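Same chain, two partners: chain A is paired with chain B first, then with chain C.
Showing the complex of A and B:
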């Protein structure tokens, strides 16, 4: 397969219904009203030369090369800014047009490196192609005038430039500060595509055109280096640039890629589709795919650029074994590692019982891989001891939405936001954690939608260039349920609920019960304000806006779920949506923003100890029979152990072996010291990962994992979209993860013979009603589909609960606020909450191994100026962060983004390990840890805590690999 | 000449100007004019203050400021002399007028004399084509420049 070149229609698609027919160069074309002539021509197969137009952006009309002639009209209008008309007769080629275009192009070239006869950049840019298409044969304007091209030094010393040295007063040096792309101003033709992409597509407004006339040039912020500017490195400008002024460094260094493979990003739950562009067996760049239904051609710094971890030298490519965790690692063959693991697991089960081992599936791996791990546990281990990292993030979403609406997933597709009037954002920071979707939210906000932000921190969606929240409720961490009940109180007591909707689609009795509950004066805005630390009137206003402001959509993240009342808060959100009738159509809904690429999929695939794929309880005989018949074994009807229970059992001595695929529980799970104790107590810990991660310090067997570039399969994003992952390069460690799991199953004596992940999906489809229509063929044909995908919805279901809630009737649940047991007091007077930053991802195993460290080299503690002053802490000081669990040290960032009494940090770096200070409190329903609230104290510090020192030593010890014995 | 305030004063004063004027329709240009009036130029450090105040990006503000030559990056001299260099004035000898003034003042276009007395700038049409060659001194237009009026100007700006 060659390089995929997507057609650029020049201007965006018109979405009006009425069709218009015109003739372009003798061809008849029918397009929707409002379409540009340029786009209509391209749809008819006629490419009009262009420089400033691209179909990701509205037309601009500045480059003057896309001119056409229209019969009956004077002049030569620009085809990008001229709309089609019925019966129009357009000519794109004529002597006059050729002459004008050549003249314009000559002017461009006279101030461009190609004018010097230099081969600028790749030589394969759109500019180069257009110069060729227009047929430029001379440059009558010469290159002796004032220009942007060659530095004075070069002119004087190297004799590169003809004429006088003074001619180069407008030269600007190349900006190489961004780790991933360069900006060469000499190649800039001031078409503004980058500026418009940054504003309209990304919504950051980091770029501008400086100056006027001949001196004008694109610059970042106030003519700053890109890396120091407001730029978030999403890559939209690089993608939009028609010259090589903005170009990926990898392309400049290694040359143009030769082939593309369309695949799905393996970072967050947005699930962007990319073209992986490859030369030989090396990925040169990732280009966002315009047909991607969740990203529509946009990307963020992680998906677009941060894939270097796949070839990082830290990757372990050989299986390894050791007897004790204090021994150095010994590289072994796959056969030896698998045989040893199988033997150990069988020994442990024989010695300590069938339930003494288990597995953890990964939200980073494919559906097929996750399915195999849970199948291995249920069929091979004979128990239900399987859990997944969703335990620590969105398990309350599954529980809460299932209880109220009857499905464990978000209700909408991302496109739905285009019809939203009021967004209610709680406990999520999309501009950092879900950047591509955040860009779409911002776009909708700039179009006039309004947003209510409930978050202890002043995030970018509260206020950033060109967007501002209607209301920001900076609640105290841990009071989500109180604020949601407070909002409900206003909606019910002011009769802002949608009685007709509730009577049709919800259980009226449940509503009445809930309405009575929330109407209690205890939940009035005034009382709520006391609990949450926000203004009562703002609560009233926000409630009225959500209930009566048109289409109201709720978006939430881990700031809702990772609490002792996470499940209650999710139900509180569903209550609000149902009460206001904001369910079951475009523009509304309850939308969890999933953290990981496949956290939805790993939950769907039966990763929980009590559920088979499709959220069916293991105790249900009819469901168990499906799998018993297929797998030929009797299955356990008792739910297995959750991750925290496995660790507890390990400490107690009843749980002794674990297979962990692609999750670093030591770093991502709460109360690190407890996790460490649990792992240390086990006899066979098998870590299947890309790197010797933190958990691997306690492992006895290491199986090398494969990146998303090295496998086929599917990921399911936050909108239930099943996206295809295609193998781009061969697995670097011999096996894709699904193959490794299959080999382990075989070593355990199971008769597994999958030859391709599509066969695993066939098995999933055959056994899971919500997936029964899914095949790889369908996904290849459609690009992606959203489950449920079955006989009733053969092409999937973008919006759920239309004409009726899946549960039958929507269920309202009382949401009594119970303050967490984690309370501030004299010793620990501040509340710590945690989150992410744009350039890093989760525990950072991948992004720390890429150029992204340019933006976030360490975790910082955000603290309000008042709290900092009280403690004598200045910006950048080392501080000790201590809680009832433990302590760690990091640097302080003094900012009023956080309220007084609240501190905030990220958890991307193992040196900091924010999770050593978090507690072991968990959600009452799902054991999801309460990461978002910890009572802490901050004090000035000189350096690493005792814990960090010990940890560093242990890290060095535990990562020794005895290279001498490597099997050659 | 106004005292040059320190960096903190500039930011604080700029913030109060932004606060006073942010309610206007299209407030950016009026704010920039007020800033220039206040400080004699538009200091770089006020750009982020304006950006924050108006909820724009720094790039947005920089793009606008750099587009208009009348917004100065550094303070001008006590007097500002603008010489028209547009077509009509060129036809009536503005080149020679410019050369004479540059020579007498010892500065080029966009330059300020060492004593801070005067800044010389080209301008492209003052709308005084009927009285070419034309100039503008501290906001007052002067038409039909000749040797005498040039000498007068030089004397005046030296004060």
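Showing the complex of A and C:
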């Protein structure tokens, strides 16, 4: 396959219904009203030259190379800013137009020395192509402009810098500070595409055009280096730049890619589609794919640039074994590793019983891979001991939405936000965790929608350029249920609920019961305010706005689910949406923002110990029968062990072996010491991953994993969208992860013969009602679909609960607030809450192995100035962070983003081990750990704690690999 | 798992169902345990309930009658 070049229509699509017909260079074209002449022409196959226009951005009309002639009109209007009209006759080529365009282009070239000529830049930019298309053959103005060096000098690797006697007084040196792209101001033609991309698409407003005449060009922030500026490195400007002024370093170093493969980002739950552009077998760059239905051509720094981990030297490419976890690793063949694992698993089951082993699926792997791991456990191990780290993340969503709405599905697609009037954002920080969707939210907010933010921290959606939340409720960590019930109180007592909706679509009795419950004076704004530490009047205002402000959409994240009352809070959100009739159409709904790329998919694929794929309980005979018939074995009807239970059982001695695919439970699960004790008690721990992760310290078998670039399959994003993952390069360690699991199954005696993941999807479709219409062919054809996808919805379901709630009638559930048992007291007076930041991902195993460390070299502890001063802590000081469980040290960042009494950190770096201080309290319904609230104390410190130093030594010890020949 | 943790988790479930009408609460707790607790944990649960049910919320004790008894411990082939 060659390089995919997407057509640039020059201006965005017009969404109006009415059609207009015109002729362009004799061709008849019909387009929606409001379309530009430029776009209409391109749709008719006529490309009009352009420099300042591109279809990701509204037209600007500054470059004047896109001029056309329209019969019956004077002059030469710009085709990018002129709309089509019925019966219009347009000419895009003529003597006059050629002359004007050549004149304009010649001026540009004179101010753009290195962009014109064979050896300059990549020689493949849009600018170079336009110069050629326009037929530019001379430059009478010279290239000695005051802002650039002479072309020959530049080609020779240098130029004359200002102050060296040259006339290039406005010359600015190249900015190479960003790890992924360079900015060469002398090549800038001031088309402002980058500035507009940063503002309109990304919503960050980091770039501006500065100066006039020769001095004028784009600058980042207040003329700062890119890396120090407000730039978030999303790449939109680089993508938009028609010259090589902004260009990926990889392209400049290695040359233009030769072929591309469309695939899906493996970082977060937005699920952006990219073109992986490759030269030889090396990925040169990732370009956001405009047809991607979740990202529409946008990206963030992780998906766009941070793929270097795939080729990082830390990757382990050979299977390894060791007798004891204190031994050094020994490299072995796949055959030996698999045979050993199979033998050990069978021995353990023989000795300790069928339930003594289990498996963990990964929300980073594909649906097909997850499906195989749970199948291996149920069919091969004969039990239901399969779980996933999504437990630490989104199981309360499943439970909460299922109880109220009858399905665990998030209700909307991302595009739905375009019709939202009021956003209620709680416990999520999308600008960091779901950046591409955050850009959509910001765009809608700039169009006039309003936002209510419930979060202990002042996140970017509370206040940032062009964003100001209508209300910010900085609640005390752990009081979500109280605030939601408080909002409900206002809605019910002020009769702001939608009675007609409730009567038609919900259980009226349940509503009445719930209404009576929330109306109790103990949930009044005044009482709620006391519990949550916020202002009563603001609660009232916020409730009124959500209930009566038009289409209200709820967005929530880990800040809701990672609590001892996570499931209850999710029900509280669903209650609010149903009560206000904000369900079942565009612009509304209850939208979980899922963390990792395939959290949704791994849950859908039966990763939980009580459920088969499609959320069907293992005790249901009819469902078990489907799989028993297909797999030819009797299946266990008892629920299996959850991850925390597995660890408990390991300590008790009844659980001895585990197969962990693509997860690092030691680092991502709470209470590190407990996890370590459980792992240490096992006899065969198999880690299947890219790197020797933290969990691998306790492993006996290591199976090398494959990255998303090395496999075919599907990921399912936060909007239930099934996205295709395409193999870009061959697996570096011989097997894609699904193949490795299949080999393990075979070693255990199972007769598995999948030759391609599409066959696994066929099996999923054949056995799971919500997936029955899904095939790889369909996905190739449609790009992606959202489940449910079956006879009733052959092309999938963007919005759920249209014309009725899935459950039949919506169920209102009482949500009694119960304070967490993790309480502050004299010894631990502060509340710690955790989160993540943009440039790093989850436990950071991948992003720490890329240039992204430029932005986040370590985890910092955010402390309010008041708390810092009380303890004599200054910005940048080492502080000791201690809780009832343990202590760690990290550096302080003094900021008023957090409220007094609250401290905040991320957990991207293993050295910090923020999880050693978190508790092992869990959500009552789903055992989802309470990451978000821990009572702590802080004090100045001199550096890393004893524990951290010991840990470092241990890590080094446990990573020794004895390089012996594999096949002895 | 440690007895304390088991009691704690059972009581946590009871806390949620307490705001329901009583009968519904009892079935709610039992259903929840049946649906999500692996036999080993239910076995331990029964042992503790029968051994004097100390520390358990009354709702849990009441619900215990409706919790499914796991089949006796599987004896590993010698």
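Methods note: the second predicted complex is superposed on the first by the 936 of 968 C-alpha atoms of A that agree within 3 Å, B and C clash if a C-alpha of one lies under 4 Å from a C-alpha of the other, contacts with A are read in each partner's own complex, and residues count from 1 in each chain.
One rule holds for everything that comes next: a contact is a pair of C-beta atoms (placed from the backbone, for glycine too) under 8 Å apart; a residue touches a chain by one contact, two chains touch by 3 or more.
Remember, predicted model here, so these are calculated numbers, not experimental data.
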Contacts of A:207 with chain B and chain C, given as first, second, both or neither: first
First (chain B), second (chain C), both or neither touched by A:230: first
Touching partner for A:219 - first (chain B), second (chain C), both, neither: first
Chain B versus chain C as contact partner of A:818, first or second or both or neither: second
Partner chain in contact with A:780 - chain B first, chain C second, else both or neither: neither
If touched residues of chain A are counted for chain B and for chain C, the larger one: C
Which superposed partner A:463 touches (first chain B, second chain C, both, neither): first
Touched partner set for A:641, first chain B, second chain C, both or neither: second
Touching partner for A:520 - first (chain B), second (chain C), both, neither: neither
Footprint of chain C on chain A - complex, ascending: 349-356, 384-385, 517, 564, 567-568, 609-610, 617, 619, 638-642, 645, 648-649, 652, 654, 814-816, 818, 922, 924-927
Contact footprint of chain B on chain A as seen in their complex: 204-212, 219-223, 229-230, 463-468
Chain B to chain A touching residues, read off their complex: 44, 47-48, 51, 55-63, 66-67, 69
Chain C to chain A touching residues, read off their complex: 1-2, 5, 9, 12-13, 15-16, 18-20, 32, 34-41, 70, 74-77
